[in-house]
Structure formats: structure tokens, C-alpha cells
Amino acid sequence: MPAGFPLPWALVFLPWVGALLLVALPRERPAALANIAVSAAGFVLSLLLLWHPGGTQGWTHVDALNLPLVVLSFLVGLTTAVFSLGAIAAERFDLLRLRAYHVAFQVFMGAQALALLADNMGVMWVAIEIATLASVLIVAVHGTPPAIEAAWKLFILCGVGIALALFGTIVLYLAAQPFVGHGDSGLSWTVLHGLAARCDPGVLNLAFVFLLVGYGTKAGLVPLHSWLPDAEAEGPIAISAVLSGLLLNAALHAVLRAKAIVGAHPDAVAPGPFLVAFGLASLGLAAFALWRRRDARRFFAWSSIEHMGLAALAFGLGGATANLAGLLHMLGHSLAKSAVFFGVGHAAQLKGSQKVADIGGLAASHPGLGWALALGIAAVAGLPPFALFASEFLLLVEAAATRWWLILPLGIGLLTAAAAKIHMMQALCLGDPTPDSDDAPPAWTERTTLGPIWLHLGLALALGAALPAPLAALLDAAARIPG
Amino acid sequence: MTFGQLPYDVAHLLGGGMLLLSFMLLYQRRVGAVINALAMQGGILAAAAAWQGVVQDAPQLFLTALIAFAAKAVLIPLALRHLLRRLDLHRTVETALGVGPSMIAGVALVALAILVVLPITAGVRAIAREDLALALSVVLLGMLMMITRRNAILQVVGLMTLENGLILAAVGVAGMPLVVELSTAALVMMLLVVGGVFVFQIRERFDTVDIGFLERHRGESP
Amino acid sequence: METFGAILTQVLHLALMLAAAPLVVGVTRWLKARMMGRRGASPLQPARDLDKLLRKTPVLAENASLVSEAAPYAGFAACLVAIALVPSFARGMAFAPLSDLILLAGLLAFARMALALAGMDVGTAFGGLGAAREMSFAVFAEPALLLCVLTFAILAGTTNLDLIATTIRDGALGLRVSLALAAMAMLAVAVAENARIPVDNPATHLELTMVHEAMLLESSGRHLALWEYQSALRLTLWLSLLVAVFLPFGAAPEASGPLAWAAGLVAWLAKMGAMCLGLAGFESAIAKMRVFRVPEFLGAALLLALLAAALLFVSTGLA
Amino acid sequence: MALAPLGAGGYTRSRESPPPVAVLTALALCLGVLVLLGALAVPLGRHRQAGRLVHGGCLIVALGFVAVALTALLAGAPAEPLVLPFGPPWAAARLGLDGLSAWFLLLLGVTGACASFFALGHPPGPARTLPPFPLFLAGMALTLAATDAFVLLLGFELMSLVSWALVAADHEKPENRAAARLYLIFAVLAGGCLVPAFGLLAGNAGGITFEAMRAAPPEGWGAAAVLALALAGAGAKAGLVPFHAWLPLAHPAAPSHVSALMSGAMTKVAVYVLARLLLDLCGPAQPSWWGIPLLVLGAGSALLGALRANLEDDSKTLLACSTIENIGFVVLGLGLALAFRGADLGPLAALAAGAALLHALNHGVFKTLLFLVAGAVLHGAGSRRLDRLGGLIHAMPVTAGCALVGAAAAASLPPLSGFASEWLLLQSLLAGWRVSDIGFQVITAAAAAIAAMAAALAAAAMLRLFGLVFLGRPRSPRGAGAEEVSAIERGALLLPTALTLLLGLFPGVLLGLAAPALRVLTGRPAEAPARGAWLTAGEGAAGYAPLAVALLLAVAFLGVALLVRRRSPNATQRGPVWNCGFIDGPFGPFGDPLAQPSAGGIAQPLRRMLGENLLRARESVEMPRPGETRPGHYASSFEDPSGPLLIAPAAALRDRIAAQAERLRDLTIRQCLSLSFAALVGLLALLAWLEAG
């Protein structure tokens, strides 16, 4: 790789070029395979980032914080592409929808990469907007009333949120304006981070509030979460994984960048407590809302809200330990949750319904899928040996060690949520199987489902229990960035 | 530049005008009049952008001004009128919160905006501080409009106002990079919202995407 | 010499107990008969019965298992070991270090379990009923007993029966309310453990009211003899336990000579006679109570014992 | 909390470990083998020989555990932990052993060996039960080998998760599903309480390693919070009242050899965590009132468990309830040890701690034996219900003999193992008055009474179990056709039987072995309460020599038998049962089963005397009128108080809150926007306020 090679931009544009290519492909299977190929190329390219020197390069910036997130995004993108090879077989898209689906998917991947890699807050904002528009398109692709309502909700709520985020970005520049000359550097995160200590605290506070509310909406933090369950439950089967696994991470990452800037100023209002409050609200609401779910995919969408809340809470606690917990939680949640969405999606296609009542006894009727799904749900519920156990352990220990009064709400929330997930796991996997639907997907789709699931679970296990030293050092470095 | 200088006074004047128009938007009882007010606000925004272009001699701001004028003062209002005629929507404003109360709420929001901006020290030049207060008020009023009005059109208008506030803030800050790009990107979203209203033929409210047969869904109504 | 004396006293004690057991039962019966105005059988009658039973051929039910045959011996052995530990006329017998009150309770529980197993072996209704009731009574008797032991442990600093008896005889403690309460509780436990009136009626012939006898309905010949003998042993054990703890006067001290032993023996016989008299009087004075009132009876004993211990906590101000 | 002290040297993943002690390497090897077995069992689960491979491997590894534990106990525990080449992202995982963990590892090894051995001869269950079994052993061993909070909880929760898979093994039965769900939820509750407990300790210590925590013991409210959390957490896994609701449901649901492991070893692992937290990590300086909660909960568990054991009709449920009772005894011992240590009565603390350790081991062994017996009976006679069994002593003599030994030990009869530890426990309870505090004295007196009552209840329960299952006549055709189990299973039953006898005869030796563990628990080099073959108490004033007692009993038995047979030589005759002349109708091969005492009938006295007050027991008899021909009906039932008092209210509260949460969900887009707007305005107002103030 030549020294000056703009690897980040390559990561952004590869999927977009791929999108153009996918427009041209009319037929289903070739398109799906091409989709896989593009995603695979993107993944390989993203692996090169591990050897990237890092640092700012034009509008982009690579550091320990966004690097694992980017690699994870492309990994999940690849597995999702593989899964959707089997999934779209049952979706029965017409040509137009098929193209829309693939194009939007790749556009989304590119925007996701840009949102994570952007150094310029303005560019990051544009990227997240593009990602939002793409996700709106994907969610709406079915064209059924529920899908359209979900997409519309996503569009309006996130649109307003993003507008607020833009205002925050502008105010952020306003804070830095006295110290930076004209030119793009005024919106560069690295520059702002460096300048923050000299900026005016009032402006920084204002900027943080708007960025928090704006990007927090995309991160699905209560009470800004309303769009999330419908969007993740009504979109195409394969997309839920991406929405909950990647989009949320990008948004939370943006919030973290903002927190890093504001936190760098001694006199500014401490950003931590805001995040803790949002995190507790998300955990509390989601933990109890989980008990009323009759729709499997909505259930896990709500659990995404809960996990985002936990991550936000961890980052709110601040300090390297808690940040590590938060980061670990983000990564582990992406892996485990997308694995579960693969499993649940496939089960929903097998049973022809995503109501919990219609899915049951998977362990008896489809042992492979059933036990894999059970394991995945256990991972999402924070049971060992997966990454979420490690992160929740670290979070709880840190909370008890530094802010003992958090133990009670945190413990109750975690316990309630975990109990709900255990209920769901047994409802879906154990007991007497429900009948499959007549137009169940062909048998080979089970392979395209189980492969990704096991891959994700294996990685989640490695992340939680056996992380190679260099990666651990990387996470360590990342944990020190948000402050 | 400080108080009592022409560039500042003009900019301030324009900002104030936009705020005033936001209040007018809240005050109107007929949809048609609301759309007119929106068009005027768009015009003023364009003017403000242009003026800032002159002051900061930043040519790209003229581009922003041009786009703003074309889209917000001309295109979108026309589109909304057309929508109004074609879908023969209610011509009267339906409020979730009465006009009077919403005016009061608006005043409170402006007060809040000033309170928030007040502690900003003179380290930032006064112009920015004032403009920030104005822009923030416009943004908040726009959002207030979105949640206190029931007609889809009016909610779109609220969103537009919100976005106007954003652009006002953006152009107000001297030397803001990527102004054009950002404002355009924001505009694209607005256009898409309007487009969405067209496509889904949202007659009454955002929250009844009225494709005739759509029941209140929200997932798991048993 | 001393060890020899210890061993000798132990052997004598064992022989004495084996000989005395049938007599104690006989005497009690005779006294009861007298008090009720009957002539009553000779005190030796139980011994004669045992001998006769031994000579009879035992009959077992077809489906009786090894339990029915082994249990009598096991129960008897347990009672024998237990009674070997309770000092009678002399202190410091060979097994004195072993004579721990908790172990004593354990051995009695062992014998009780053997009896209950034998009762359930054939699977008859009465056997099961008797076994269930016997075990249920123990549930209330054992805590009361343990609390009495607690009282002694606080006073004497040990649960070793020999040491307790010595401490109390040396009168280092004087007369104590708590000892009196403990005595009451222990008497109640003794009554229950030996299936005497008012808990159970050893002379009943109505199966439905049986507890102890109900478990013996199926045994005959030498098995029955062993059961009868061991219940006699248990009665003797309890009486001499009460004597040893609460009326320890006159017993021969450790490492003393035959004369002291003789004196101790006389004293012991006198005290046992008194106990039999008391028992007979008690039994002929009151009537058997309903089975499900027994817990109240023993619960009262439990409370008395607890009270005794609590009084000690307060009085001796163990700080 | 500073990051660096987290784990071994924080992020500097110190790979340069000291030359690892052979013992720990062996332990790590055993763990590796178990994980490997678990992984292997997945692909070849359906293979015929898979069961042999997995269980054989587990047997060998369990024996390895025994060897490791004995080495650590005799040759002294390794000083340096073994640093593994992997671990959580913030530190490398470490394995270590000290006296306490070695003692419980010994227990785990023994029970694991017995259970695996039995499973070897048992007909193979469904394939899905194979992979979790080795992992279950591994999880427990990992918990014991942990030297920091993370590894401990990792093992702890792993143990729970895989054993959930075993409880849910035949999930076709709804009651099993419910049991599994409750089981896993309580496991999560345990974790959710233990993590903050460790967190509070770590807050003082600035690290999650045990040595750091030991160095900075908690004080005041923090310490009290740790006590409460530890009791709730470890208690929920050990089945301590009031967190016991899951235990009588979950233990019977699993395959018998797994139930044996769960009752024999897993609950003890929870007890180990409790002891580790309260007696070791919280430091020796805690006040003596710390013992009181443990005393109360322990006594409550002992009483409730023993009483329930007398009312259950299912053999395995009965055994599970008796497990609750014995856990209560162990916790009683630990509580007394805490109290005595707080009042620095060193020897008494050693006595109580010794009682706890010894009883943990003894119960582990004889409960394993009894569960295996239940499994053998289920295999041989086809049922677990007491009312379907009976008279098995004729068909299954070996099983019956082993069961008799186990039952006698569980009934704490001398000279068996149960009595030895019971003796120590009662002795330490009787010494409770030495703590000069009237409240504590009264509580110990009450606890002593309850302990004695529980022991008697246990005896009644064990008589009921053995009498109904093995004595009397068969109660069902299947039971009548019962036959003895395979040779391997018999061997697997004889192994723990022999151990029960040995442990009963040589408790002094064992206590000598447990000296390192006692040192950990009492915080000072403590002399074990034993002299040679004697158990001693009260400065040696009281003693118990099981060997001598056993000899006396044997001599007396033989002597009596000899003499009596000389006096009455005639051989026994067989005749029809007398039964006071009652003759039941000709009812198949084995008279009328209804003419025998039933499970409910045997339970009746205790149900009326205690059950009606403590367990809300009800019984109803409906007699046909004179002249009616229909049979009479007798029904009895009881309700564990933890259901209506603890679980039901929690569920109700949860549902009420969930119902409220729903109102936020069902919003129109405009209302959702209002939410966001409210959040924004609220934050801005907060900001203004903060900046103003």
C-alpha cells in the first residue's frame, strides 16, 4: 500500500461504486452474489486499516476508537450480505425493489464508513444523513403499510434529530472560530479536540446539548428512541442486523466524539451525567418494555435500545475502565445482536410470521438453528463466556466502585432485561415446535444463516474471553480517547 | 465589528425579521397565509446569506443565498400551494396547542434561548452571540410549530423554519467552512420530506400516512 | 490399678443395667397395679416373659426382608452402647470419655430408626403409622433435649455426661432455677422417648392409639424379646440419666474402692426405686392425651428448656 | 477506579509468569481437557460411544481434581498464580489455589468422579445432554480456581448456563421448562448481586484481584452492603431460604447424575463463594454481629428444607429439599465462625468453620450417593414417585444397601459421616453463649434448637424415603417388575457408600487435611478441633471418637446376636402377614397397594404438627356416605411461602411497571416529536440553570 494512499476514502467509495454496479445487475442471484463480493472486498480493505499508520488525513481520521468500529462494520456488512443471499430468496422482491435494496445497502455501508472515519464534523454529519436516507429507503422497500409507516417515522424523527445535530455542529465551529483561521480545519475533530480547552465553555455546552439530542436520536436513546423498534422490525429481514449493529454504533460514536471535545474543557458542564441519565432512562424503559413484546424482531429491537443505553451509561461514567466497558459493549452488542437477528429472521421466514406465538420449539424442529439462537440470545442477555458478559461485569464493577448509588437501578434494570430475554429464549427455542409455513425458504438457506451466526458468536467469545494482546492494547488505547 | 456598525445592524435586523416571521407563522390561522410567511422567511434568509457574503466577502455565501432563495422563497412554497390545491386539505390551521398558548410558549422559548446564550463570554464576538440567540429561537420555534400543529403541511412548514434557523446560524458564523455543502445537504432532506408528503399523499397528519387502507399499526396490535 | 478399676466398674455397670432393666419395668408395673388397687404381677414377670419369648420360634411375614431380622439386634446394640455410657453407681468408668450427651441422643436415634424401619418393613398400615408418629415425636423431643444439654454445657462447660454429673455433685453450682426447669423439660422428654403415658400407652391394646407397640405388631419370638428388652433398657437408661444428672449424690467418685461402689450402688437403687414410684404415680394419675396434642406437651418442654438457658444467660451474666 | 490495578498489571498483559507450579498446570490441563470434551461432544453427540468417551474423560479429570486438591492440601498451596495466555480484554486470566479452594476442589472431584462413573453405566440420555456435562464440571472448577472477581464470576455464570442446558434437557415437559427458566433467572440474580459486591470491594482495593481486596477490607455501610449482596447472591445459587424456590424444581428436572452434581457440588461452590467473600476477602476484622444474618438464614433453610423433605412425594424433589436443609447447616457453621472470629474466640471459630467444611464434604458425598440411588431406582423400577415404588429391597439389594447407608448418614446417625459434622456443628452452637451478647446468645440457643429439630426432621424424611421406596410391597406393576441395575452402576453406588463410611469413621484425619482451609477461614493459624481419631470441643472437655463407637456397636451387635441365638436356636418361620388380622383383597401379584401406608399418609403427623403453620399445608378427606360404593378420597397440599411472599409480588410489580412503560410506546409521530422536543428544551433549561448557578 503506497504511503499516501487514501485508504479511508477507498473504504467509503468502494461500496458506492459497488452500488452503481449493482444498479446494472437485474437478476436476483447474480446481484446477491455481487453484493457479497463487494462487501467481501470492503472487508478485506478494512482489514488493511489495522496496518494503517492512523492519524488525520484530509477530512478523514483513523484512531483506535473508530478503527475497530470500522472493521466490525465491514465484517457485519459481509455476514449480512451472505445472510441476505438466503434471505432475499424468501423476500420475493420485484426487480425495482431488488435493485433499491442492494443499492441502498451499499450506499449505507459507504456512508457508515465515512461517518466513522470522518475527521471533519461537517462531513460526519453529511455521512450520517446519507446513512439515514439510505436506511429509510431500505426500511420502506417492502412497500407494505407497516413498512412505510416505520420508514416515515424513521425519516421524520431522525430528520429532525439530524437537523439539531447540524445546529450543534455549527455552534461547535462557533466555539472554535476565534482560534482557527478560515478553511476546513475549523470543523476538524482533532483540531477542535486540541483547542477545546481554550474555547468558550458556554458555547461548548450548547453545542454538546444539540449534538447529544441530535445524534442521540439516531443512537436510539430514550426518550428519542421511538423510531427504532418499528424500523428494525419492519424492514427486510437482513437489514435489522445492520440497523441495530452498525447505525447505532455510528451515532453513538459521533456522540462520543462530541463528548471528548466538551469533556476536554475544565469549566464546561460535565457531559458524563447527561449520558448516564440517558443511559438509565433507556435501560429502565427497555427492560420493562421487553416484557410486553409479542413480536420477536421488535423484542430484540427493544433490547438494542437497552444495550445502547448501557453503552451510553458506561461512557457517561467516564474514565478508561468504564470507557473500555462501553466500547466492549458496543462491539459485543453488534456481534451478538446481529447474530440473533439472523437467527430470528430465518426463523420468521421458516414459520411465515415473526410473532413469538408462531415461532416455537426451534430446538426440536431445527436443532442447529434452535441451539445456535439460544446461545445467541444467552450472549445478548449478558451470559458468559461472550463479550457482553465481560463488558457488563466491568460496567457493574466500575459503577459499584465509583458511584455505588447506581447499583440498584442498574442491577434491577439488568436483571429485568435478562429475565425477559431468558423468557424469550425459552419461548422461541424450547417446547413443542410450531408448524413451518408452506413457502419456507429452501434448506440451503440454513447454511447461509448458521455460518454468520457461528462466526459472530465465535468472535464475541474471543472478544470476551481470549483477545489477542495487540487488539487488547488497541481497545485500551481506544478507551482513553473519549476521556 | 461591534454594535452601532452598519454590517452588524443589518445582519441583526435580518435575523430579527426571521424571528418575527416565525412568530407570524405561529400566529396565522389560515394555511395559505402560513405558506406566504414561509416564503417571506425564505427570502429574508437568502438576503441574510447574501449580506453575510458581502460582509465576510465570502463568495460561496452568494451561492447559498441563491439556493435558499430559489428553493425556499419560490419552489417549496409553490409546491405546497399545489399540494394544498390538489389534495384539497383543510384550509384552516388545526392546532394541538391553541394559537395564544403557542405564542406564549414561543416567547418562553425565545427567553430560554437568550438565557442559554447569555453566559457566553465576550471571548466570542458579540455578533455571533446575538445571531446565535436569534437562530436558536427560530430553530426552537420551528420545532414548536411541528408539534403544536396538526396539518401535515404546517408540520412541513415547521421543519422548513427549523432548517432556516440552521442556515441562519451557519451563515452568521464568520468563516464557517462547508457552508454551501451543509446547507445544500440539509435542503435535500427538506425536499425529500416535501416529496414524501407528495408520494405518500399525507392528507392530514404526519402520523396517519394515509394510503387509504393503512390502519394504525405500530407493530403488535393483537 | 485405676484403669483396672475403671474397666471393672464398666463391666459391673453393664451387668447391673442388663439385670435391672426388666426389673425396672416390672417394678413400675407392680407399683401401678398397687396404686390402682390391683394385686399386680410379680416384678420379675417381664424377665420371665422375655425368657419365654426367646424360646419361641419367631415367625416372619412372607415379604419380610433382612431388615426385620437385623433391626432388633441393631437397635438392641445401640441401646446397649448407650446405656453403657450413662454412669450409675460410680463415676469415671472406662467409657466415661465417650459418654457425650449428643452421642447418647445419636445412639437413641439409631435405635429409634432401627425400630421404625422394622415397623415399615412388611408394609402394613399400623407399622407405617407407628413409625411416622414415633419419628414425629422425636422431632419435638430432640430440640428440648438439646436445650437441656445447652444448660448443662453452660454450667459444666462440657457435654460430657460424666463430667457434668461430677460438676453437679460437687455442688459447685448450688441449687439453680434453671436446673429445675431443665429437669422438668428432661422429664417430659423422657416420658415421650419411652412411650409412656401421657404420650403413649405401653399397655394399650387398641391399635389406633398405638405408637411404639404398633411397630412391633409383626415381630415375634426372639425379635419381640429383643424389642421388649431394649425398650426396658431405654426406660432404665433415661431414669438413671435423670438420676445421674439431677440426683448425683452418693455415687462413688472416680478411682474409688469397692466400698464406695457398694455405697453408690445402694444409693443408686434407692434413687431408681424413687423414680419408679414417681413414674408409676404420674402414670396412674393422668390419662393419655390425643396424638396431636403431643407437640404441645413437648413444645412446652422445649420452652422450659429455652427459658432455663436464657435464665442462665441473664443470671450468670456471662460477659 | 484507576485502570492500572485492574487484573494482573492492568493492560500490560504480563505474559512473563513465574515458572508455573506443577499443580496449577495440571489443573489448567484438566480444565482444557473438559472444554475439549465439551467441544468434541457436539459433533459426535449421536455416536454410540460418545457417552462413554465424555463420561470416561470426565471421570479421569475428576480424579485429577482429587489428586490436585490433595497435593495442594498436603504439600501446601502454590504461592504464585498461573497466568494463562488469554483472558478478558483488560488482563490475562490467572488460576490459583489456596487451602479453601483446594478443599472444595476435593469435594468437586469426589462428587464429579462418582457422578461420571454412574453415567458411564447408565443408559445414554439424549445427545444434547453430553456437551454441557464436561463444561459444567469446568465451570465449577474455574470458579474454585479463580484468583480475581472476573474469572470467579465467569466460572460461576458459565456453570449456571450449562447446567441450565442440562435442566432443560427434556424440555418437552412444560414443568421442566418452567423450572429451567426460574433456574436461570435466579442464576442471573446471583450474578447480579455478586458483581456489585465485588465491585464495592474493588472500589476500596482499586483492583479486582483477591490479594488487592484482602489488602483493603471494607468498613461501615460498604461492608454491610457487601454482606447483604453476598448473602443474596451466593444464597440464590446455594438455595438458601428465601432464595430457594428454584432448587426443588430444577434439581429433579436434570438427569440423575447431573442432579447429584448440582446438589452435591454446585451448591457447595456457591457456599465457597460466600465463604470466600465474607470470611476471606472482607478481612478478619469484621464485627461479630455479621454472623447473625447467616445464623438466621441458615436456621431457616435447615428447618424449611427438612420439613419440605417430609412432605414431598417425588424422591428427587425430597432429596433436593434435604439439600436446602444441609446447606442451611453449612451456613450456620460459617455464621458461627464469623461471630466467634469477631469476638476473637479463635478455637471456637476453628470449631465452627471445621463443622461447616466437614459437613460440606460429607453432604456432598452422601447426597451424591442418594441422588445416584434415585437414578438407579428410576432406571430399575421406572419411577421417581414414592407412591409407585416399594419393596425394592428384594429386587435391588445392592442399591438398597447403599441407600440405607446414605439415608442413615443423611439422618445423621452415629457412626456415619453425617453425625460427625452434625456433632461438631451442635458443639459450636452449644458454645454460642461464649459470645458475650445476650441477643446473640438467645439467637444461638434458638438456632441450636432448630438445628436439632431439623436433624430429627431429616431422620424422619430419610426413613420415609427408604421405607416407602425399598420396604413394604410394590405399589405398581412396573415397580413389581423392577430389577437390579448394571454392574458399573452398582460400582458407582458402592464408591460413595464406602466414602460415606470412611468419612464417618475418620473425621479427625479429614479435619487435619482441612487445616489450610481453616487457616483461610479463621484468618489465623488455627488448630483443627481434632485429636487423632477424636473430634474434640470445649477445650477438649467433650469428645467424639467415631471409630470407638463403631467398634462398640459392632461388638455389641455380634455379641447380642451370638448370645441370643444360643438361647433360642430355632430358625425363623415364614407365614402370612399378621397385620392385626386384616387381609387385603386379592389384588394382582402384590396385595392391594392402597392397604399400605402412602407417601401422604406417612407425612400426615408432621404435616399437621408443623406443616399447617409453616407451609400452609392443607388436607381434605371426603368419605363416602354409609352405603355408597365409591372410594373415599384423601388429598393434601402445601405451599412454600417463598412463592406468595417473594416471587409473586415481584412479578406483579414488574407487570405494573411494564404496563406503564407501554403507554410511552403507543405514540403518534407528533407525540414522539414532542418527546424529543421536551428532552431538548429540558436539557437547555438545565444548561441555563447550571451556568447561572
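Which chain is which? They are A, B, C and D, in the order written, and residues in each are numbered from 1.
Keep in mind that, in the parts below, a residue touches a chain if its C-beta (ideal position, glycine included) is under 8 Å from a C-beta of that chain, and two chains touch if they have at least 3 such contacts.
A quick note: this is a predicted structure, and the numbers were derived from the prediction, not measured.
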item	value
Third chains touching both chain D and chain C	none
Chain A and chain D, separation of their C-alpha mean positions in angstrom	42
Distance between the centres, which are taken as Cα means, of chain C and chain A, whole angstrom	77
Whole-Å gap between the CA centroids of chain A and chain B	31
Chain centre separation in whole Å, for chain C relative to chain B (CA means)	99
Where chain A touches two or more other chains at once, by residue number	152, 156, 160, 164, 202, 206, 229
Chain D residues counted as touching two or more neighbouring chains	665, 669, 673, 680, 684, 687, 691
Pairwise chain contacts under the document criterion	A-B, A-D, B-D, C-D
Partner chain B, residues of chain A touching it in the complex	120, 122-123, 125-126, 129, 133, 145-146, 148-149, 152, 155-156, 159-160, 162-164, 166-167, 169-171, 173-175, 177-178, 181-187, 200, 202-203, 206, 229-230, 233-234, 293-295, 298, 355
Touch list for chain D against partner chain B, complex	665-666, 668-671, 673-674, 677, 680-681, 684-685, 687-688, 691-692
Chain A - residues contacting chain D, complex	152-153, 156-157, 160-161, 164, 202, 205-206, 209-210, 212-213, 217, 223-224, 226-227, 229, 269, 274, 285, 288-289, 291-292, 319-321, 324, 328, 363-364, 367, 371, 378, 381, 383-385, 389-390, 392-394, 396-402, 404, 407, 411, 414-416, 418-419, 422-423, 426, 430-432, 463-467, 469, 471-473, 475-476, 479
Partner chain A, residues of chain B touching it in the complex	116-117, 119-121, 123-125, 128, 132, 135-136, 139, 143, 146, 159, 162-163, 165-166, 169-170, 173-178, 181-182, 185-186, 189, 192-193, 196, 200, 206, 209, 211, 213-215, 217-220, 222
Of chain D, residues touching chain C in the complex	390-391, 393-394, 408, 411-414, 419, 423, 426-427, 430-431, 433-434, 436, 438, 441-442, 445-446, 448-453, 455-457, 459-460, 463-464, 466-468, 471-473, 537-539, 541-545, 548-549, 552-553, 556-557, 560-561, 564-565, 567-568, 570-580, 582, 595-597, 601-606, 608-610
